[in-house]
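Shared between the two complexes below is chain A, which pairs with chain B and chain C, respectively.
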Partner chain A sequence: MTSKRMVAPYVLILPSFVLAALIVIWPVAELAQIASHNVNRFGQLRDFAGMANFRALLDDPNFIASLWRTGIWTVCVVGGAIACAVPVALVLNEDFYGRDIARVIVMLPWAVSLTMTAIVWRWALSGESGMLNSALMGLGLIDENIQWLAEATTAFPMQILIGILVTIPFTVTIILGGLSSIPDDLYEAAALEGAGRWEQFRHITLPLIAPFLNIALVLNTIYVFNSFPIIWAMTQGGPANSTDILVTYLYKVGFRLGKLGEASAVSLVMFGILLIFTLIYVRITTTARGVRA
Partner chain B sequence: MNSSKLRRSLVCWLVLSPIVVAAIFPFAVMLITALKPSTEVLRPTWWPSRVAWENFRTMWVATNFGNALKNSLYVSVLATLGSLIVSIPAAYALTRFDFKGREFYRQFLLVTQMLSPIVLVVGLFRLMVALGIIDSINAVTVVYAAFNIAFSVWMLQSYFATIPLDLEEAAWMEGAGRARTLVKVFLPLAVPAMVVTAIFTFINAWNEFVIALTLLRSQDGYTLPIQIFSLVSGRYTVEWHHVMAATFAATIPIAIAFAWLQRYLVRGLALGAVK
Partner chain C sequence: MKKLHKNTFFSLKGLMLAGVGAIALSASADAGTVRVTVAEYSAKTGPYFEQVAKDFEAANPGIKIQFEVVPWDNLLQKLTTDISANANADLSIIGTRWLVDFVEQGIAEPLDNYLTPEIKGRFIETFLTPSVMNGKTYGLPIAASARAMYYNKELFEKAGLSEPPKTWAELEESAKKITALGNGLYGFGLQGKEVETDVYFYYGMWSFGGDIVNDGKSGLDSKAAIEAASLYKRLIDEGATQPGVTSYAREDVQNLFKQGKIGMMMTAPFLANQIRDEAPNLKYGVAPIPKGPNGDQGTYGVTDSVIMFQNSKNKDEAFKFLDFLFQPKQRIKFTIDEGFLPVTKAEAQDKYFAENPDLKVFTSLLPTARFAPVIAGWEEIADITTSALQRIYLGNGQIEPTLKEAASKANAILKK
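Then we have the complex of A and B:
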């Protein structure tokens, strides 16, 4: 019985492990190999090149610009999404008429493929016939059409706003999970002690949902850092590479310019950054479990 | 009492109004553009002069929607089944056994979840070339199944943990073996969790972009997101009423399923996240 029980769990996890490993470990090994060799555009390896591909990246101003822009993109989208999601989740946790409908509406952007969202917004933001311009004109907010996607100063902020909009549902979901774990009697006790709503929020709600906020923060950072379709389907990183982030830069270098070596080097740089995020996540969830235990 | 709830409702909706508008706006754009007669699409007015239902019919032919729909269904259904078949035993092992390497396995899954396909895309491309299945929707199916394992195990495990062990123990007491108990007692109780997980995996596969964009080369194999993207990318004239009709048709079934299921997601993710 004992020996059987020792084998059983490994047999049970084996298929999923093999499949996931095939799709993750093999490509990572490939990436390491390509990144350290000269490679032609059909993917044939030539001679060993050491760090040459990485050095080529550092010499490319577009890579450095994309790296910075990725930082701005990630910080703004994640920060904006959390700043919006906390009040939204607090409201959705209240008992009010039409709450179920409100929940569904807030969650809707999550259901739509990011590609489709981006295509719809690209159309809505079009300068001459876009419905955002006509709506804003109808409301008297602007006098002439704005060419939203024609330059980075308007395109990139718009992409950040759309990023925030599509990140809110997941964030709200996590925070709602946290809010539902807070027992009501805590608030009743605080109210008896004469604590106002703001004090209740600061001293009860916030500390108790903090672990959930941390999780939302790290997971969102990872998802947003990796997010490709919004920028690709709206501007393809243009005009003139001015809205490129690392993922779109990677795609362009690899599949447009055919520089697979440099593209693999970008992948490995991203892999490193993501591993750091993952370690932070593991750290946070273990302490969260400690708090709960 | 009732009037105070009414007042609270007003305040709540007022606070939510910006995000409600922002969430509904794309749907309004989709639907209104889809229903504009083709001559009015580029005119910057909000409302069409008449409702052009025929756009959906012409779109179906013009965008080759049927073929892309078939591909999307094929890929999403098979990827969901594949991912569930390997994830259910894994989630069961993680909830019901305490074994060496359990933590390692969980962290391995976490890493696969962190690495989005885009980071691995060059390596995946080479993998598929090595396996000789480039430009095949089966390759896309396998990749989707694999990338959904972490999410599926995570969701399933958080539900499995809520199924009380007592029932299984009672069955063992009566002499049923572990396997028999699993099939007769545990799995029936786990059906709702499997259905919910399956639907979310399906939605993930249905909406995926990068892998399909990279691995699918010929138009015959295009899934819906790629097909629709190909209608707008690198073209001088875009038939926006067709594009929006296609987007709407591809989105609405999923949005309805999602609206219906989102409360399970709140529970599953929250449980999984902190456990």
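Then we have the complex of A and C:
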């Protein structure tokens, strides 16, 4: 009986393991093979090249710049999304007339494909016929059109803002889940003790939704880090590579310039970075369960 | 417990079997089925090819045609993945400028064994030549295009200009006058991002006597290139162009033109079709690309070709289909639908093309048409050039050093 108990868990996780191996390990092995060879533009392997593809990356200033920009992009979008999502979730958790409609409105951007959102924003930000410029002009905030997408100094912050906007619904969903798990009597007891709204938030709400915030943080980091459509549809990483992040850089190197070896090396680097985040995620979810138990 | 285990295992096995089945299916298309990958040029492309397949199958029982219509932007990516997985079609449309890679890697099949003199004779020389490499014909031109200057007659009239500029100096004057009209009107539409940003610059560079590649070296640091870049930068600084040029792809500039907001722009014949459908009241004309100080002039010629894959198992059937596709009836409909230039002589003689004044301007420019140079790594050089131009347009880089740096990068690629 005991030996059966020992074996059963492994047998039970075997299907998931096989599936994971097919979905994750096989492509990564394939990538490693391409990254360590000279490859023609159609992905056919030529001779072994060792680390040459990785060295070529390190010599490319655009790669280093994209790496840094990916960091800024991820931190700003994830941080901004969580900072906006917490108050939104708090409001949506209150009982008020029309709450269901408000929830639907907040969730709506989630239902629209990311590419469509990005393309609509590309039109809205167009310099001469864009909605944003005419709105700002109508409000008297600007005298002449701003060319939003012409330079990285205006384009990249706008892309971050749109990134935040589309990340909010998912984040709100997670936080709402956390909020609904907090029993009301905790607040009643705190109110009896004379705690104000802010103190209730700091000492009850925040600690109790902390595990949920952590999950939102890590999941969003993984999604945003890999997010391609917003930047691609709006600027294609331009002008002059000044809004490239790693995914758009990867796409250009791989499919526009046909250097599949270098592109595979970029994906491996990205995979490595995300692997670290995933490990953190596993840590967080396991400790989070510990806290609740 | 035992049952559950068995079921899980069974379904997994089933899943894998299904997967294997799918792979086997995709690899062995039936003999007699010709798979063709085509680019989606417009909403009319898919229905057109469907009709062609129907007509062909009716005339050739036993051969089936299967089309994969792919958006132009994804075409090269799709071909790359298909080829690396050995799952490519029998025929495909490609940008002729990619052909050199396909030939060097032995992926494209030479067509000379199939091409009878009659079929070869159908094509207009200028457009067939780019598909000929090392003396062998690897592709048949299916779409051809050149560039000319569109100008807005109403804006010209308002600015007191009687005719389109013949030289770049005149263009600068005219553009300034149109911008001076105010009201969000601008003289010269300048493209500053995405595909063909480099080409938009070559119009100027060619007019100053420059070339993209000279004796195996990049012409980006030539006197002509520097003069052209200085001219474009001056146009931007004087407000003769629309503001924020680096946020304008070709389609964006075309939209401004259709809205009647810019006086002039260079683009392909298909803009005329778009104006007909979307802005029928716009009064415009088509004129040659302006000349430089020494009378030099150049337009950009582009062809897309159909190639046959070397690993195709249905080469005879595939060529039979090509023969059908390049007959006048099919050709004329395609070229009119998509707004391209005729590639076969029979098309050119058709009334629609022979009597169209706009198209006449384009065809008259063909003797000065230059095609993308046949170099492996051309896309990378285009990318480097675009980046350098964007830095210049934005004022982030001095003209000469930026072009010199770009030229030395391009030279490194040319040496490979």
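Criterion: the second predicted complex is superposed on the first by the 269 of 293 C-alpha atoms of A that agree within 3 Å, B and C clash if a C-alpha of one lies under 4 Å from a C-alpha of the other, contacts with A are read in each partner's own complex, and residues count from 1 in each chain.
As a working rule, a contact is a pair of C-beta atoms (placed from the backbone, for glycine too) under 8 Å apart; a residue touches a chain by one contact, two chains touch by 3 or more.
Predicted, not measured: the structure shown is a model, and the values here were computed from it.
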item: Chain C versus chain B on the shared chain A, clash or fit after superposition; value: clash
item: Partner chain in contact with A:240 - chain B first, chain C second, else both or neither; value: second
item: Which of chain B and chain C A:189 touches, first, second, both or neither; value: neither
item: Which superposed partner A:84 touches (first chain B, second chain C, both, neither); value: first
item: First, second, both or neither for A:151, with chain B first and chain C second; value: second
item: Chain B versus chain C as contact partner of A:129, first or second or both or neither; value: both
item: Touched partner set for A:255, first chain B, second chain C, both or neither; value: both
item: Which superposed partner A:98 touches (first chain B, second chain C, both, neither); value: first
item: Larger contact residue set on chain A - chain B or chain C; value: B
item: Touching partner for A:15 - first (chain B), second (chain C), both, neither; value: both
item: Touching partner for A:212 - first (chain B), second (chain C), both, neither; value: first
item: Chain B and chain C contact sites that coincide on chain A, given as residue numbers; value: 11-12, 15, 19, 43, 128-129, 145, 236, 255, 260
item: List of chain A residues in touch with chain C within their complex; value: 11-12, 15, 18-19, 40-44, 126-129, 145, 147-151, 155, 235-236, 238-241, 252, 255-258, 260
item: Footprint of chain A on chain C - complex, ascending; value: 5, 8-9, 12, 76-77, 79-81, 83-85, 101, 105, 107, 184, 192-194, 242-248, 252, 255-256, 259, 261, 377, 379-380, 383, 386-388, 390-391, 393-394, 396
item: List of chain B residues in touch with chain A within their complex; value: 5-6, 8-9, 12-13, 15-16, 19-20, 22-30, 32-33, 41-46, 82, 85-87, 89-90, 92-94, 97, 99, 101-102, 105, 107-112, 114-116, 118-127, 129, 142-143, 145-147, 149-150, 153, 178, 203, 206-210, 214, 225, 228-229, 232-233, 240, 243-244, 247, 250-251, 254-255, 257-259, 262-263, 265-267, 269-271, 273-275
item: Contacting residues of chain A [partner chain B, same complex]; value: 5-6, 8-13, 15-17, 19-24, 26-31, 34, 43, 84, 87-88, 91-92, 94-99, 102-117, 119-124, 128-131, 133-135, 138, 145, 165, 168, 173-174, 176-178, 180-181, 211-212, 215, 219, 222-223, 226, 228-229, 232-233, 236, 247, 250-251, 254-255, 260, 263-264, 267, 270-271, 274-275, 277-278, 281-282, 285, 288-289, 292
